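Have a look at the structure below before the remarks.
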Amino acid sequence: MSFPILSLLVFLPLLGSLVILLIPKKKTGAIKALATVITAAVFIISIFLLIKFNYTNTNMQFEERLTWIPQINVSYHLGLDGLSIGLIFLTGLLSFLACISSCRDIHIRHKEYFFLYLMLITGMLGTFVALDLFLFYVFWELVLVPMYFLIGIWGGARKEYAAMKFFLYTLAGSVFMLLGILALYFNSPVRTFDILELAKYAPAFTLGLQILIFLAFYFGFAVKVPIFPFHTWLPDAHVEAPTPISVILAGVLLKMGAYGFLRISFPLLKDAAHYFAFPLAVLGAVNILYGAFVAMAQTDFKKMVAYSSVSHMGFVLLGMASFTVTGFNGAILQMFNHGIITGAMFLLVGVIYSRAHTRDLDKFGGLGVKMPVYAGFLSLFTFASLGLPGLSGFVGEFLSLLGGYYTFKTVTIISALGLVITAGYFLYMLQRMLLGSLNEKWAGLSDISKVEIFTLVPLMIITVVIGVYPLSILKYQSAAVIDLITKISGVIQ
Amino acid sequence: MSILADLKFILPEIILLICALAVLFLGLFVKKKSILGVLSLAGLILAGLLLPQSYISGTSIFFNILVSDSFSEFFKYLFLLTAAIVILISIGYKRILKEDRGEYYFLLLILTIAMMLAVSSHNLLMIYIAIEAVSLLAYILTAFRKNDLFSSEGALKYFLFGSLTSAVMLYGISFVYGLFGTLDLSTISASLNQAQNNFAVFVPLLFIFSGLSFKCALVPFHMWVPDAYQGAPTPVTALISVGPKAVGFAVLLRIFLCDIFISTDMWVCFVTAVSIFTMTLGNIIAITQTNVKRLLGYSSIAQAGYILIGFVVATPLGIKAVLFYLFTYLFMNLGAFACVALISESIKSHDIEDYAGFYKRQPFTAFVFTVFLLSLAGIPPLGGFMAKFLVFAAAIEARFIMLAVIGVINSVVALYYYVKIIRFMYLSEPKETPILPRPFALNFALVIAFVSILVIGLWPCPVLNWINGLQF
Amino acid sequence: MVKFTHLIPVFPFIAFLINIFFGRKIKKVSALVSILFSTVSFLVSIFTFIGFLNGEGSYVVYRFLSFNNTALDFGVTVDALSCMMLLVVTCVGTLIQVYSIGYMEKDPRFSRFFAYLSLFMTSMLSLIIADNLLMFYMGWEGVGLCSYLLISFWFEKMSAARAGMKAFITTRIGDTGFFIGILLLYFITGSVYFKDLSALDTQNNLFYIAALLIFCGAIGKSAQFPLHTWLPDAMEGPTPVSALIHAATMVAAGVYLVARTYSLFMLNEASLAVVGVIGAITALMAASIATVTNDIKRVLAYSTISQLGLMMLGLGVGGYSAGTFHLMTHAFFKALLFLCAGSVIHGVQTQDLLKMGGLFKKMKATSITFVIAALAIAGVPPFSGFWSKDEILAEALNNGHPVLFSAALLTSLLTSFYMFRLIFLALFGRPRSELHAHESPKVMTIPLGILAFFSIFIGLLGSPFTHHAFQNFIAMPGLHHQEEIAVNYLAMGLSILVAFLGIALSYLFYIRNNKILAESVRAKFKPLYNLISNKYYFDEIYDFLFVKPALRLARISSGFDSGVVDRAVNLAASQTIVLSKIQAWFDRYIVDGLVNLVGIVFQVSSGALRRMQTGLIQNYLLVAFFGIILVIIFKLIGGN
Amino acid sequence: MLNSLIQQLNNSGLPLNSFAQLSFYFIAGLTCLFAFLVVASRNVFHSAVFLALTLLSVSGIYLLLDAQFLAVVQIIIYVGAIMILFVFCIMLTSRISDKAIRQVNQQVLFSLTLALIFLAIFYILIIKSPWLSSGAEIEPLSLKELGRSLFSKYVLPFEVISLVLLAVMVGAIAIGKARKE
Amino acid sequence: MIPQSHFLILSAIIFCIGLFGALTRRNAIGILMSIELMINAANINLVTFNKFLGSPDGLGQVFALFEIALAAAACVVGLTLVISIYRNAKTIFIDKINLMKW
């Protein structure tokens, strides 16, 4: 067996968090340094994986398999393929950047913070590489607890409410997923939790059973994505969470749901997936438009960005529901891009919040004069977010819509109208933030600092590079997507 | 004589008895009372060591009154562990008066013996007597903070409820005797086959079930729980939340495994309803509780509901799930109560609001308490999750979909109140912040429970193997 | 040599990067950087042009996307149309950047301005060389972005900020149609390459829809009716921006788009007709509005809209080369007009025509070039505008569109009228207010001169004197019917006639009687008296027959424009916000409320159920025993 | 008096044809009456007395059931020991004022209904049950056999009960000891 | 001869009286007495069955004997608790003892 690099990737942060427990509380510097080093290492490993990854191969790579609980056929099975490699990279990158941001933004209870933060990273990485449903579920839930504390302790004014809501909401979804997992296990002729194994048996289930299991998984994933009407935890959680955690929430956590669809629901329950394709597409459109409309009405900057996530994840859903190669590529790319762009947006919100201590859009104005560099970054990511061609957001949306259009014409056209509304609220935001005359209250604001720029620049580079050369990231996933579509639909569309 | 020969099968019980008497006598002379605790622990450990030697699989002893099998061995270990952890909790618990310590440990050990006898009984007579013994001792222990009205009140309610239900159970047993002419479980089950769905059989069995429901705290026999739990000294609460409950389930299982509660539709229906009501009621009422012990009381009611799912499905997996659940439940519930004991020792309150900012005052306690609560809520990768997982797996396997759905919804509701405690401990700031000391023994109990919960969650194979190896 | 074409957009991009990142350090040098790089682009464009003449063509640059065994490669189109546009854009762009050095001299965000201009050049040039719709769309949105950035460049002014947003969103509405059109086209043809458009099946109605959707994009970008309202507002931006983006290049992109996808439009007469009719409506409406507008830049903005409408009309009547020809000539003279206007504004610090007057003496160079540009747009031979406009008129007549022809003719009349109204009001007559006008610096006037040169002579390329060299050059290879390149003397004669008529009328009104405007305002109350008090008989007749109705028409259309169309746009925007508020309310109180309701239900039921726990042991027992009875009764009823 | 009662009972068609039967119904009637008085007396002292009488009557029933030993034990333990405890306890806890207070709680009606339903259920149960016994009387169990059974087959429960009694005693003393702070 | 069912019915009556008493008496000692009645009812059952079944090992009687002993033990516990309550609350009226509820 080769070197267990995925295990190293997943458990390095956990190890780090345990080491942090040993460091005395007072030595915040050491704690921060350790956390940064660990996340940097994770990031480096993820880059290493990206380099080593053979994207023409549709099989699992860097696979690891050990028996874990033989009595119920649970195995410790990790692997990486084109669907997950991008998300691993995204997670590695965002956790590193968010860690840097945390070092600056977190002022109390450092030890606990970084302990939980690293644990959270383990959970996220694990979710993306787990190939055993049991293991998947364990990692999936492992994310919840640290997240609860991270929002609940270091959050904003309504942190307790938001944290509790997040916890309950996501748990409510995931327990149904647990039932779905069990139903898969007991209905397959060979009892196993292994996703790859189940992919051989589950597609043969009757449609009725598949629908039932699909729905069970749907609750789990829909809450995470989030799909209307299960989205209301999101604005609360995003708004109340501290900046780095908002970044992780939007950047990585939301992807877990969509990833779940691609990894589990679709390949395993393909009949049900086709059965639900249209409702999913409609929900995607609803997400896009509804999220956009609600975002437009927000006066809280962060809340607006949070709702924009709802809208953007609608494109992911639409792309996935199309069951075309294009749509899937678009969905995965959109997931990646959304992680990058919205992550950056939250960082930018954090920048302004840490200076002005308010996020009320109506109270700002004219910051373009006072903070030109900030304004530049904000504009760039805003335009990336509203899907300006040449920046990454566009490519994902385009492919999703292209795929969606192939299957669902009307729904896609309606969704495309979301582009206008999206432009509307983002520009409205820009106008209220940057343009107009400077409110004298903010005359003392300093421009964005070097560390903040350091966290934003990698995201900016990725945004632009993907925008003009999307193949750079698409190549990692395209073979896997074709393979997936072939498995689901039998034919390539 | 075979009676003397059979004594070797109850060697652990005899050891415990000797130990109990020794503790009782020493209690009169020894000044340093923690020695008594250590002695009791030593007795428990010795009994535990002797336990594997003391059974030959499936042997009936004492004229078929007891049976010595791996099933009872499992529960005996469970009780020994429970007693040991409770003693560890008690050593550091100051609210039990010093001069009563000897009696306290003595009663605890006798209670352990009674529990051990109850699970190895194979005769309703012996079952009744052992259960009654467990109950009586539990009542006394509940009242052990004798100058505290809460303690007395809890004990009295516990006693009255228990006595009445045991009278009902006794009445049921008397009918069973009339119907079958015997109280031996296997004989009953042999003759039961003809009349399994008969009203005349149903009612006496229902009475027996009621008596056991009281032990397991199933709805509607749960109402004593919060009051008794709140009133009892915390170590005793810990004990009665695990020990007698496990006895109830063990006996239910024993009777069930003898095919006595035949899985006719009526019984399944009825037990399903009880299971649903138990978990739902327990969870819902727990939401608005403000006293931690009371809250945990309701929580333990709800936990019983989950365990009952295993009975409802009545498959081998279901039974294993019950056993696994009880084993895990032991550690997490005892751990949680150990934390409550520890916290109440330091802040003299059981009010959740007084737990505010506890993380600052005893970081370790707060941390492990959080782990126990999350385990009770069923969050992976802790032991509680594995237990719930198996229970729901059993339900899904047997296609009790609705039951499983209600179960998982309940576990979400439950999360709310478990997290409520965590929220106060971590998300609020304390009014005052002296760092509080922790007694060593309690600490030790916490560590044992904590490590066990983690190990069960991450590496459940040994436990599963053990349970798989049990012969029923 | 031609293989360098794809670098054309890259050079300005480098300039953009330098200016955006190091702008603060290099300060004024950033202008030089931008100009240098766009000059290089210009040179490469010339090489491309030469290469094209030598028969080199399109090529692929890099693979953009790849999935499903089909790949999307980004390449460059090198054909007559793109070569022409490249030359025009790089040339005009460079000149305007030179001009901007003077115009923006004192602005604190000097280098940022040049960065944006460079970015604009990048987008515009990549749009031009795009060989597929997707790349085109990327450039298209890119220019939209730059337009937004530049319109709201002086964002401290709230009106500028709003105007930028309005421009972006209004065009985005059209773009969404365009985008859907691309999707539709992709699914009909399986391709987004322009080169595949010429080989299409004619019998598919979907192509009609696709063409219209793509035209939606053009409507937005080229400010055609009904999405034209953003352009006048866009005049809030600095004047060089108006010149470059909102006159010469970006707004022409819509026309360019139609020209690029012309074969698609030609599949269906109806789609061409739509283009023509929209063009005609726009041209007439905008021209009539221009006659009553007093803001110098707004006049030019309406003029731009009108001229773009004319181009659309040209394309719509089948005059592919006519439309593109006018696109080219218009780029030069409209840029010149704006720059002159900018120079005037720079000199007098106001945009109100009624406050100007007599500037000719003070600003010689500006005024001369201004007049040249005006002559060009008015269609006075031999200036460039004449040739291209004449071409459109001729095509309309030749291809049998009398209605559109007369609309175009009327537009021409109005054009020369309002243009010279502007000239007369601004440059001639007596100064109407205390203005300290001064001539602009050389760096501004030299580009004016160069542009003036082009405005005069570029038209000759398409004139009979050069045997319609331009038309032959540009003619689409795949066009179904070869355009008849013949001089239509009727059209030409009428064209010359209306041009001079317009000039004459405005001379009568604005030179001979300066008070005409005030009078006509007064005429609202006492129309006849005031008009009779005018000594001029022609005035009277004209007033009665033409001016009054014309003014009224102009007022009406102006009122319609600001009162109905613009308000409709704004209403749509505000309705959207209202809708968003409603949805936010819905989200907060209904969707989230339901979630919280579940929580509340649990809380309440918990509060209620715990009351069962009365603390009285006998109650507990009663409940327990009733539980037993319940089960037994169930058993009795249903069990047996 | 008694004769007329027997006569009446005879007339009622009940199979009443021996002294044993007569005495059974008499004792049974008494038992029920006393039991009722136990729960119905306002004065808890009276209740205690009636309880003693009930227990005595029950030992009479035992006699009728050929369980002489049990009857004796019943009298010795119940009437002799437990009743003393009760009386002591009553004396320790009763206060004069208590006697005037209402002795039943507010759920009398519910409880009565409940008890009656239970009675009905038991009646159905007793009538319908397939009791193992044929109804024929069987040789009574001799004391010797009882003793042998007690100390051979049921020796373990016997010992356990002794242990329980010990433990309960210890516990009761521990709890009942006079208060100390 | 007296039929078995008559004994059983007697027992049932006593059981129900005891149950009624346990549910309604306010005095804790009263409740204890009622419970004693119920236990006695069960004992009557056991002895009756023993007689009519004629168990060779006298299980019914043995059980009844044990039960008497256990009842004594229970009584001791119960009365101790009553005294304990009385000591702390100065009342043995069970509906006054509801310190813990909800």
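The chains carry the letters A, B, C, D and E, assigned in the order they are written, with residues numbered from 1 in each.
What we mean here is this: a residue touches a chain if its C-beta (ideal position, glycine included) is under 8 Å from a C-beta of that chain, and two chains touch if they have at least 3 such contacts.
Please read all numbers here as calculations on a predicted model, not as lab measurements.
K.L.:
Which neighbours does chain A have in common with chain D?
P.N.:
Neighbours common to chain A and chain D are B, C.
K.L.:
Among the chains, which is located farthest from chain B on the basis of C-alpha centroids?
P.N.:
It is C.
K.L.:
Considering A-C alongside C-E, which chain pair is linked by more C-beta pairs in contact?
P.N.:
A-C
K.L.:
If you average the C-alpha positions per chain, which one ends up nearest the average over all of them?
P.N.:
It is chain A that sits nearest the middle.
K.L.:
Quick check for the class: compute each chain's Cα centroid; which one is farthest from the centroid of chain A?
P.N.:
Comparing chain centres, D lies farthest from chain A.
K.L.:
Taking the mean of the C-alpha atoms as each chain's centre, how many Å separate chain D from chain E?
P.N.:
Chain centroid spacing, chain D to chain E, equals 8 Å.
K.L.:
Measuring centre to centre with CA averages, how many angstrom lie between chain B and chain D?
P.N.:
Spacing between the chain centres: roughly 33 Å.
K.L.:
Averaging only over C-alpha atoms, locate the centres of chain A and chain B and give their separation in whole Å.
P.N.:
Between these chains, centre-to-centre, one finds 43 Å.
K.L.:
Take the average of all CA coordinates in chain B, do the same for chain E, and state the distance between these two points in whole angstrom.
P.N.:
Averaging C-alpha atoms per chain gives centres 26 Å apart.
K.L.:
Mind pulling the residue numbers of chain B that touch at least two other chains?
P.N.:
As it turns out, chain B has residues touching two or more other chains at 125, 129, 132, 136, 140, 143, 146-147, 156-157, 160, 164, 168, 175, 178, 181, 199, 203, 226-227, 416.
K.L.:
Could you check chain D for residues that touch two or more other chains and list them?
P.N.:
If we look for residues of chain D contacting two or more partner chains, we find 105, 107, 110-111, 114, 118, 121, 131-133, 153-154, 157, 161, 164, 168, 171-172, 175, 179.
K.L.:
Could you pull out the residues of chain C that touch at least 2 other chains?
P.N.:
610, 613, 615-619, 621-622, 625-626, 632
K.L.:
Taking all chains into account, which pairs touch?
P.N.:
Applying the touch rule to all chain pairs gives A-B, A-C, B-C, B-D, B-E, C-D, C-E, D-E.
K.L.:
Of all residues in chain E, which touch chain C in the complex?
P.N.:
19, 22-24, 31, 94-95, 97-102
K.L.:
Mind listing the chain C positions that touch chain A in their complex?
P.N.:
Spelled out, the residues of chain C in touch with chain A are 20, 62-69, 109, 112, 123, 134, 137-142, 145, 148-149, 152, 155-156, 158, 160-162, 164-165, 168-169, 172-173, 175-176, 179-180, 183-184, 186-187, 573, 576-577, 579-581, 583-585, 587, 591-592, 594-595, 599.
K.L.:
Once bound in the complex, which stretches of chain A touch chain C?
P.N.:
Chain A reaches chain C through residues 165, 168-169, 228-229, 231-233, 290, 292-298, 324-326, 329, 366, 368-369, 372, 376, 379, 383, 388-390, 394-395, 398-399, 401-402, 405-406, 412-413, 416-417, 419-421, 423-425, 427-428, 430-431, 434-438, 469-471, 474-475, 478, 481-482, 492-493.
K.L.:
Give the list of chain D residues in touch with chain B in this complex.
P.N.:
121, 124-125, 128-133, 152-157, 160-161, 163-164, 167-168, 170-175, 177, 179-181
K.L.:
For chain E, which residues count as touching chain B in their complex?
P.N.:
Interface residues on chain E, with respect to chain B: 8, 15, 18-19, 22, 28, 31-32, 35, 38-39, 41-42, 45-46, 48-50, 53, 55, 59-60, 62-63, 66-67, 70, 73-74, 77-78, 80-82, 84-85, 87-89, 94, 97, 99-101.
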